[in-house]
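Lettered A, B and C in written order, each chain numbered from 1.
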Amino acid sequence: MSHQDQLIPHDHVLRYEFNERLNHWVAAGSFIYLMLTGLAFWSPWLFWLASALGGAELSRMLHPWVGLVFFVAVCYMYALWSSQMKHEPVDTQWWKSLHYYIRNEDDKMPPAGRYNAGQKLLFWSFFLGGIVLLASGLVLWFTESIPWAWRWVRYLSVVAHAGTALLMIGNLMIHVYMGVFAERGAFGSVIRGDVSLAFAKRYHPGWYQEIVRKSERTK
Amino acid sequence: MSQATLRIQKISGHAGTVPGEDTQREFTVCKLVDTTTCIGCKACEVACVEWNDMPFSQTSFDNTYQTMPDTRWNYWNLILFNEHEREDGSLQWLMRKHQCMHCAEPGCLEACPADGAIVQYTNGIVDFQQDHCIGCGYCVTGCPFNIPKFNSVTKRMYKCSLCTDRVSQGLEPACIKSCPTGCLHFGTKDDMKFLAEKRAKQLRDHYGFDNAGVYDPPGVGGTGVIYVLHDATKPELYGGLPSNPTIPLAVKFWKHPLKWLGNLALIGGLVGLFAHYLKFGPKSREESDMPPREGD
Amino acid sequence: MAEVLKEINGKALADLEDPATKQQIKAGQQVPGFAWLKDDGTTLCGNWIYSGVFTEAGNLSARRDPTDPSGMGVHPAWGWSWPANRRVLYNRASCDLDGKPWDPSRKQVWWSEATQKWVGNDVPDFKADSKPKDHMGPFIMNPEGVGRIFGPLAAFADGPFPEFYEPTESPIDNPLHPQQTHNPVVKRFKTPDDKYGTPKDGYTVVCTTYRMTEHYHYWTKNNPMNVQLVPEPFIEIPAELANDLGVRGGEKIKVSSIRGEYIAKAMVTKRIKPMMIDGKKVYQIGFQIHQGFRGIAEDEGKDARTLANTLTPTVYDPNAFTPEFKGFLVKVERA
C-alpha cells in the first residue's frame, strides 16, 4: 500500500489514480484557456478576455497550441477510460429515468457502473467534439494553406468549430455543476482521488458492488 | 483624433455602435478599371509597390506574363492574364487588374473577430488596421475574392488600401496616376458607374462586343472597384472573377443565427443551472446525510 | 524634371544682345530660343532643338491652352514642340511662290507684306524675313531646298524607291521576284562568324527579338523591381510547335541559328499562330533581349547568360545601317 493510499480514510475508496487526476486538470486547465480565448473571438462583447489574457495577439497565437494540449489530454482519457464508457443496457434504463435524476431522486435510478450514462455521454461528446475541434481548428490555424478551390472546407470549419465549441462549453457547464454543486464529494475524487463508500454506493452502485467483491476476495 | 473616427462607417469585432456611422455626408469613392483598354503594362503594379514602399519578393517564370500566381502580403495589385479562345476561333488576351474590391458589404470585416482590425470609411474604402489585427485569418474565409494575405513574420494580414493615405489628401490612388492608357479612372461611385456604362454601351454599339457590361456585384452591395468587361456574362474568364460573389453563407450563419442561438444557449444554460440548484439543491447536503438505498 | 528642362533650354552666361532685333538678355537668364546660342562660351544649352521650351516666361511645355485659331487642329499654345514651337515642319511649302497659302481655307503660315515677315497660325519653319521673290526653298534642311523623290545618286545606297526584299535569312524566296530574293546591296561583314543559315540546313523556324514593358534594354536586369516583374528570360513559342516538340511551358529549350545558341524556358502561347506561307507551314518564335552577362538573376546563376544578339545576323540596311536583328532563321529543340 502506498503512502498516498494509507491516507485514504477507512470508509473511503480510491476512484482516480494520480495520472488520471493530473491528466484531468491538464485537460480542464487547457479547456478553460481555450474557452476564454475562444469566447473572446466569438463575441465582440467578450473580446476584452483575450486582451486580459496577455493580449489579443498572444491569445490568438496560443489558442491553437493549447488546443493541441487539450487534444492530447483527451486522447489519454480515451486510452484510460474508453473501455469503461461503452454502452450497456443499464444506460438505456438510465436515460429513461432521467427525470428522477434531475429531481435528485437518485434512489429511483437504475444501478450505474463506474460511470453512469450521463457521464458516458459527456466522455464521448468531449472526445468526438475534441476531434471536430482539432480538425476544424487545423483548417483555421493554417487557413491560407487551404487552396481557393477547397474553400468550402474553411466554410465548414468556421461553423463546425464555433458550434462544437459551444456544445463543449455546454458540456462543461453541466460537468462543473454536477461535480462541484450537485454531487457532494465528487470534487475530491479528482483532487485527492478518493470518494466515500456511501458516495460510491449511492451514485455508482454497480461499481460499489465490484469494490466490495474485490475486497472480499483479497480478505 | 475624434474627427477621424467620425469618418469610419463600420468596425470589425466591435461591441456596441460605431460612433461615426451615418454621421457624415460623403461620396463613396470608386476605382473604374476598363479591361478593354488595359495593355498589361504593369505600371500600376510598380506604382503600388513603390508608393507603399513594399519589399521585393522572389518570383519565377510560370509560362505566363503574369508577375506571380496571386497577390501577396507585399504585392497588393496584380494583372491577371488569360489567353481566351472565343467560339469563332479568334484569340483574346484578357487582362484584369486584380486587387481588393472594397465591397460595400465587406466579408472580411464581417468575419473579423478583432476590434478595429478592419474598418470601412464613410467613403467606402475598406482598410486593414494592422495594429489591431490578431492574424487569425478569418478574413480569408470571409472574402469572396481571395484577397487578404498573411505575413508570417509580423503575423498580420495585408491588402490594397485604395491608397487611403492619398485619397484622404485629395489625390487619386497611385495605380490610377501611373496608368499610361487611361484605362483606370477614379472618382465618385456615381460618376464612375456613369462612365463605365457609357463605355460598355460604346463597346456594344460600335465594337461588336454584344455582351459588354459593367461588373459591380450586387451580392456584396456593390464594390468600390468596378470593371468594364468585354463579356460581362463570363466574368470567370478574367482571372477567375466570381460571377455572383457574396459573403459566404457559412460566415453569415456563424455571425448571425448561430451567434444569437449560441449566446442564448450560453446564458440560458447558466441561468437554467442556477435555477435548478435553487429548486432542487444538491443531490445530498452532507456526505453523511445520505438516506440509505432500498435494499441496503 | 523642371530643373532638367531648364538646363536643356539653355541660358546666357553673359549679357547678350541680338544685333537684328536689339533685344537684350542678361547673364543667368534663360535663352528665348536656339538663335541665341553661341559657340564662344557665352551660352550654355543641353539640346539646341529644345531651346525655347523653358524661357523666362516659364515652362512652355506645361501650357494647356487648347485654342485652335486656324481650325485645323493646330494648337500653338498647348505644350511646346521642337524646334521653336513649330507644329508642321517645312510649312512654307503650304504657300505658293508669292507667299499666299495654296488653300485659303487652310492657312498655316503666309507672307505678310505689311510687316515684311512670314507669319501665321504656326511658327514659320523658314527664315522669317526671306521675301518670296527670293525663292528660298521650303525644305530648309536640304541644301537644294526642295524635297527629294529622286535624290542625288550619292545620297542613297539603295533607292530611289523602297523595294521589298526578304531578310538575309528567310524561309522562302521573294514572292515579288524569286530571282532576286535578297537586297543586292545589303551590307554584310566578311568574318568567319558571318554565316547565314537556310531551311535546307535545318533552320526552318522564323525568329524575332523584342523588348518588354517590364524591362529597359540591359540595365533593368540589375533593378530588383523589374526583375520581380520578369525574373528570367523566356522564349515564346506557338502551342502547336510546343506540341510537335513535346515541350510544356516552363521547360528549357534551345534555340540556335547558324551563328550561336540561346537556352531558356519556353513560354507556350496561343497568341502566336503558325503561318501558311507559299503552301508551307512556318512557325515563328520570339524572345526578349534584356538578359545578358551580369544582373541580379545572372549573378545568382539563374539563366544562361547569353546575349540575344549571339543569334542574330550582323547584316545591315545600306541606307540607314539598321541591322537585321528582327527576322532570321533558327532551329528549336529541347534543351
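The working rule: a residue touches a chain if its C-beta (ideal position, glycine included) is under 8 Å from a C-beta of that chain, and two chains touch if they have at least 3 such contacts.
Owing to the predicted nature of the structure, the values given are computational and were not obtained by experimental measurement.
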Which two chains share the largest set of C-beta contact pairs: A-B
Taking the mean of all protein CA atoms as the centre, name the chain whose own CA mean is closest to it. B
Between chain C and chain A, distance of the C-alpha-averaged centres to the nearest whole Å: 81
Per the C-alpha means, the centres of chain B and chain C lie apart by a whole-Å value of 45
Using mean CA coordinates as chain centres, what's the gap between chain A and chain B in Å? 40
Which residues of chain B touch chain C once you look at their complex with the stated criterion? 39-42, 45-46, 49-50, 56-64, 67, 83, 85, 91, 93
Once bound in the complex, which stretches of chain A touch chain B? 40-45, 47, 50, 56-57, 59-61, 102-104, 106-107, 140, 143-144, 148, 151, 154-156, 158-159, 162-163, 166, 169-170, 173-174, 177, 181-185, 196, 198-199, 201-203, 205
For chain B, which residues count as touching chain A in their complex? 13-16, 111, 113-115, 132, 134-138, 140-141, 146, 149-150, 155, 240, 248-251, 253-254, 258-259, 262-263, 265-266, 269-270, 273, 276-277, 280-288, 290-291, 293-294, 296
Residues of chain C touching chain B in their complex? 213-214, 224-225, 227-232, 234, 248-250, 265-271, 273
